[in-house]
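In order of appearance the chains are A, B, C, D, E and F, and numbering begins at 1 in each one.
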Amino acid sequence: MKLSARNILSGKVEAVTKGAVNGTVKIAIGGGQHITSSITNEAIDDLDLKVGDTVSAVIKSTDVLVGK
Amino acid sequence: MKLSARNILSGKVEAVTKGAVNGTVKIAIGGGQHITSSITNEAIDDLDLKVGDTVSAVIKSTDVLVGK
Amino acid sequence: MKLSARNILSGKVEAVTKGAVNGTVKIAIGGGQHITSSITNEAIDDLDLKVGDTVSAVIKSTDVLVGK
Amino acid sequence: MKLSARNILSGKVEAVTKGAVNGTVKIAIGGGQHITSSITNEAIDDLDLKVGDTVSAVIKSTDVLVGK
Amino acid sequence: MKLSARNILSGKVEAVTKGAVNGTVKIAIGGGQHITSSITNEAIDDLDLKVGDTVSAVIKSTDVLVGK
Amino acid sequence: MKLSARNILSGKVEAVTKGAVNGTVKIAIGGGQHITSSITNEAIDDLDLKVGDTVSAVIKSTDVLVGK
């Protein structure tokens, strides 16, 4: 499936934290930069996300603010 | 001002496109990766965004999907 | 690629409208219901979206409000 | 109140899960499709959401990605 | 219809700008503060939004960043 | 850093609630109106958010629905 999202960044999972119903996934995307994603525990389980996994961080362009 | 957003990626503006009321800004964030932001023309003017500017792409962690 | 998004609804494209930099895609998802997506013209072109295409509407659960 | 959101899907609540501060609500929207919403526990209580309730899933068109 | 959104701010429309497919609506919410909403032209027409209208700005709590 | 976000509302923190990985921050923005933000506990700690703090609620215009 090809996605309309303009931002599909490849990276490696650095940390997975599960809470009560939501968790966070930290992804190293190269160039010394990192992305944190907040998703449901259910999604973490469905994708079987573990440290070291090669993943994509998918972000719709309307969700990106610019600071200068 | 310090922001709650977990993702503040530094980069350089590669392209600015203005439409009728919204435009897009493409930002190189290093490691060969890029971020596209869709913001209002008004914001593009307020920040005087131009190719070559050093900027930050600010993304709330709840707006990041993970693909594997 | 498997996505963390909890909502991946299958449907058929009913209409594609392009504007200056953004456009809208209307998708019939069955049961007499419809989804409208607002994406960039660039994404419409990349996915070569046309009336009648079988597509998925992908929505993160944090982007769904409930009304009662 | 009439809403600007382009997507107001009617459905029935199938499951309500409360976590620490956020919870999830699963809604059957017909045609064999389902929507999961992630909202605060406070909202779940305010709307008194229970399995079997007739509700609407409200989604802004800018929050819908398309996959093909 | 009661909404799960934690933020329903009442205000008065100050300006409506239509573009190609999207437009912006500026709303005065009191205390000298203002909210700008970016919605489709179709939504502006459906709600027949005009300067002086009493409206609500509806914002999901997950879409609010905090700066300090 | 100047932000592209069209909505930067100033206010005072009224309440901070931490959950398992996410929490909520309630902000009084004047004119008798309030904003609730849902952010990570990590962000609450990083910004050292406490009742009485002067803060900004930052909201992208694409995340604002209008009701009439």
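The criterion applied here is as follows: a residue touches a chain if its C-beta (ideal position, glycine included) is under 8 Å from a C-beta of that chain, and two chains touch if they have at least 3 such contacts.
Just so it is clear, the structure is predicted and the values come from calculations on it, not from any experiment.
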**Q.** Steps in the shortest chain-to-chain touch route ending at subunit C and beginning at subunit B
**A.** 1
Q: Please determine the option from A-C, D-E or B-C whose contacts repeat those of A-D, over half of the contact pairs being identical by residue number.
A: B-C
**Q.** Computed distance of Cα centres, subunit D from subunit C, in Å
**A.** 17
Q | Distance from subunit F to subunit B - Cα centre to Cα centre, in angstrom | A | 21
Q | Multi-chain contact sites of subunit B, meaning residues that touch two or more partners | A | 1-6, 19-22, 24, 36-40, 42-43, 47, 56, 58, 60-63, 65-68
Q) In their shared complex, at which residues does subunit E touch subunit F? A) 5-10, 24-25, 27, 29-39, 43, 47-49, 53-68
Q | Interface residues, subunit F side, partner subunit D - complex | A | 17-24, 36, 38, 62-63, 65-68
Q. For subunit F, which residues are in contact with subunit B within the complex?
A. 1-6, 37-40, 42-44, 46-47, 56, 58, 60-62
